[in-house]
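Pasting the structures in now, so scroll down.
You will see chain A twice below: alongside chain B first, and alongside chain C after that.
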Partner chain A sequence: MQLNPPTRSSSLRSKLSTAVCILLASAAPAVTPAVARADPPATQLDASLLIYGEHTRAKVVEPTVRVSRLFADGQTVSAQIGIDVITGATPSGGLPSGVSTTGPPGGDGVVSVTAASGGGGTGPSPADLPVTRFNDTRVALDADWQKPLGVLTPVVSGHFSRERDYQSIGGSGKLSLEMLHKLTTVTGGAGFNDDNVFPSGGTRAPLSDSTIIVGHDWNPKHVRGGLVGVSQILSRRWMIAVNGSRSLETGYLTEPYKVVSQMDPGSGLVVGQITERRPARRERSDILTSSVYHFLRDVLYLSHRYYWDDWGVRSNTFDLKYRHELQDSVYVQPHLRYYAQSPADFFRFGLVQGDPLPAFVSSDERLGPLRTATVGAMLGFTLPGTPGEWSVRAEYIRQFGKGHPDYVTGVQRDFNLFPPVNIGSLVVAYSLAF
Partner chain B sequence: MRRMRRVALTLLLVGMTGGCATVQPWDRDLLAEKKMRFVPHPAVQAIDEHIYFSKEGSTGGQEVGGGGCGCN
Partner chain C sequence: MASPCEVLVDCDNRDVAECALRIARDEAFRIEAKFSRYRRDNIVHAINEARGEPVPVDEETAGLLDYAATCHEISGGLFDITSGVLRRVWTFDGGDRVPPEGAVREALRHVGWHRVRWADRVIGMPEGMEIDLGAIGKEYAVDRAAGLIAAEVHEPFLVNFGGDLVASGSRRRQRPWGVGIDDPRRPGEAALYRIELHRGGLATSGDARRFVLHRGKRLGHILDPRTGWPVQDAPRSITVLTATCLESGTLSTLAYLKGAGAREFLVEQGAQFWIL
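Take a look at the complex of A and B:
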């Protein structure tokens, strides 16, 4: 009497078991926002307030409200409005004057310089970088739509923003495809921005002394970009993703109010200044790798971005967040970020009088040998007896760079042309589903 | 740059290889939590991107297109 089941039956059972697993896996919710859309609430409200301040420079207050409507078929429609109120000062791009009208060099004398905006700028001492005072208000509207269609999820977004001297209209589309039992998600997308720059007082002639206005028309700036990405579930606790994006900017890419100082070849004192000029084309690329790992309760987020463009800027950005659960619905999330970039090919702190003018030049510190370090933490919590989730985040940002180039002359050699900038930011966010 | 591309490609291949190790649907409870998204706080992420876009020479990463700004 044969009591053992035949081999064929065992094989069949195995195949059936595998088939059931595959079916179950296919029916499983995706590990993306698609999971969260199971039994979704009808409406989601997200509100945030940013308070941002640079020591002795710009201050920003930015309230944002976003409303999302979730439908039973998984479709989501969102709309957002944000308002930036910006005041303060920004570096004009010029070098320290090196002289004082009210005190000795290095003292507390105040030196006035002419700024590109026409409003004038002041440097509190001969060694300080001149700044330009400004204020502006920016209103931004965003809307997006997405709907899961089986293993595909299309997302379409639109954007409009307006400020005193800049307008942006843009749109983008993305398509995600879930594969391999929803362990892998491949995403592709493209976007555009048709922006316009209309500087206050008209567009200044590049490489001129700021008094030559070439027109009062809008200067177009176009951005076209694409993105591909893959995210992968590696284990029950671990996901990684790799995104690559590329964009092409064309048109008016010059910063309209920035100037470049001209220094005396001997003394280094500032003897003049000209408006900057940048190429009318910029091709940017980057690769972003991300990882999310779930410990017993805590979560570790890591990412690295490598960026390069045809202006010569290369950068690395390292980002770390660690969400530590304190108790139910209460967590603290420390954040560290470090950013380092190489300067653009045409970046100069200043020019030496008498030297031939370069085709392109900018002394905008954002195109310089810049470093940024960020330290902060977020506290997430719910208030007893009230709906919704709160989060409060405070961060300290320090920007610094190499400020002693070998091509400056005279007194400029004594100055740090890239003094550190200390920045504080506070974000309060509230999220409510109803 | 070549090295970075190599690293990215390696990570990609590692990721794709990892796909061979199936995580069963009933084992995806942790992965389904909101905090396991690559961007668990999109509003805060958008604020950060705006700050760093206006203060640094680089941009890009998570999104394509997006809001233009005269701040840089």
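Take a look at the complex of A and C:
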């Protein structure tokens, strides 16, 4: 006689469980983890390391560890810690200088901007976008709890993160209800985030030349949001879901270190730069439609997300993943993603000197006419003779956009103000249950 | 189901209990009528008598065949719903009659899911082959019945079809369901072990009741589709607990088919199990 704790799911087991779920989907038995008194609680450990690099720009290294514990009554508690180490450079928001410069021997060029944390930035060639060098470390803690209560499953989660100039505290609650023999699941939830921005060197006055400091306090930012969703099992193989969310952000929504260049109306040369300014309110909404289709062995995931906000940003994201089983406990999952957004109403690559200042302006590329295309693949495997499951995911991301606006002048018309950026990302993950 | 079946409902209302019982009985009879290989008026009979002709099947049958195909694949061919042909040459009556090797070899020519054409809800088998959904039918019926009862009855219940069972949740006041595991040496007489089950499916595979004696060795009724012979050196009784009766039943059958490797297999799968 032997009594075994529920331990890691092997690949055979997970395929079998999936097959059982597919077959019984229309009968809807309790496909929740089995519980017998003798069960000791099961613990799962997930660890991952993300390495992300934008060519000539930011680099991120992010180790994450997550521990989950499943109790005999179906209750799950998990906690996660993640540390991001970010170094490199980010576009300052300014325009290319338009002039060749030679710095002092051994020094950098002359186009430099104040940095978030770290040194100044340079634009060594006339057509290059100026960048800000920075480095920061972010620590994030997350915890969540869920417990099935019959057809209802409440989930409560909390979040805290801190980096040099930013702190975030948040929480959310979600309730899922299974209906119609578990073929349909309806989910509703709400959450909040209370964040604070402490710009390094003080908060600059908006639309100023960065030298006017209006305060050394924190700048609060609040987010309140809600979501609703429905998922539906259509057949033994096919499940679709529609989720919508809406959130309201208020407070300090400005990027403290981003600037907007002012160019000469004739030559287009940069003659000055001012800090950006964004509205203190942003209403964001999105609708995510997804589909999971199980073939006999393989699985196809498709999703589309439409996003819009009252800043004028509209975006579409198309995502496709295909999980292909190579052999027992080895699979490969190619991934394609395309993202396209329209710029915010107040997005400008630069302003023309002498024109009246707009109420709001930003040249943050994330609010611009941004496109990204992602090609990647994940390989999942186990190592013979060792417990746990491994995965390695590698992705190539190309970020690009329309960089020839008609409102720029002179030399700026010759430049692509949204030059393509090549990005690579690698994630190694390990999962172990015991 | 050719075995004792019961439904336990923890409640004070007789009508509720009878409602659960009625649902389980109707579902059991429905599944038996549709998938029993002993009947001549169902889809299994139509498939087995098609003499090589393709047979289109309904959604539910397709689901079971897909499931069987997956089990065949993930078990490397050990789990095979076409192995029933072998039973014609074996008699498991507790006696010592072993078929001649030629008969086993001949029967093996008609065994192997890989010889079956199964696509787009149409199945085609070479003449002489047969499918038998007995290895999954009972567990499937348990989970199906439990799903149907759960939609109508909101009291805790347990469905037990011939020893393969599922519990919907803890009994009242968080008490567990007590489930005994038969002593494989004295089947039906004594429970060797008591499991306190709150929720999930339990299924047992073993050779307690049906076996044949060969050279002093006891050979159980579960046949290895690769050799045509009963699986050797398997534990007498393997009980598995997972979320569903079907998964437990499939895992215990796969474990039994591994013979002496049963325990190692179940440890690898991370399943909770009892080997007696």
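Everything below uses one rule, namely that the second predicted complex is superposed on the first by the 375 of 434 C-alpha atoms of A that agree within 3 Å, B and C clash if a C-alpha of one lies under 4 Å from a C-alpha of the other, contacts with A are read in each partner's own complex, and residues count from 1 in each chain.
The criterion applied here is as follows: a contact is a pair of C-beta atoms (placed from the backbone, for glycine too) under 8 Å apart; a residue touches a chain by one contact, two chains touch by 3 or more.
This structure is a prediction, so every number in the text was calculated from the model and none was measured.
Look at A:Val99: by the touch rule set out above, it reaches neither chain B nor chain C. Of the two partners, chain B and chain C, it is B that touches more residues of chain A. Contacts of A:Arg236 after superposition: both chain B and chain C are touched.
Touch criterion met: A:Ala433 reaches chain C, while chain B stays clear of it.
Once the two complexes are overlaid on the shared chain, A:Asp46 sits against chain B while remaining clear of chain C. Of the residues of chain A, those at positions 24, 27-29, 31-33, 35-36, 181, 235-236 touch chain B in one of the two structures and chain C in the other.
In the complex of the two chains, the chain A residues touching chain B come out as 21, 24-25, 27-29, 31-33, 35-36, 46, 48, 50, 52, 62, 64, 66, 138, 140, 142, 157, 159, 161, 163, 165-166, 168, 170-172, 174, 180-181, 183-184, 189-193, 195, 197, 221, 223, 225-227, 230-237, 239-245, 247, 255, 284-290, 292, 294, 299, 301, 303, 305-309, 313-315, 317, 323, 339, 341, 344, 366-367, 370, 372, 378, 391, 393, 397, 399, 423, 425, 427, 429, 431.
Here chain C touches chain A in the complex through residues 59, 62-64, 66-67, 69-71, 73-75, 140, 143-144, 146-148, 150-151, 166, 168-170, 176, 192-193, 195-201, 241-247, 250-251, 263, 266-276, going by the rule given at the top. Residues 1, 4-5, 7-8, 11-12, 14-16, 18-19, 21-28, 30-38, 40-44, 46-47, 50-52, 55-70, 72 of chain B are the ones touching chain A in the complex.
Those residues of chain A whose C-beta lies close enough to touch chain C in the complex are 1-10, 12-13, 15-17, 19-20, 22-24, 26-39, 72-74, 150, 181-182, 235-236, 296-297, 328, 433.
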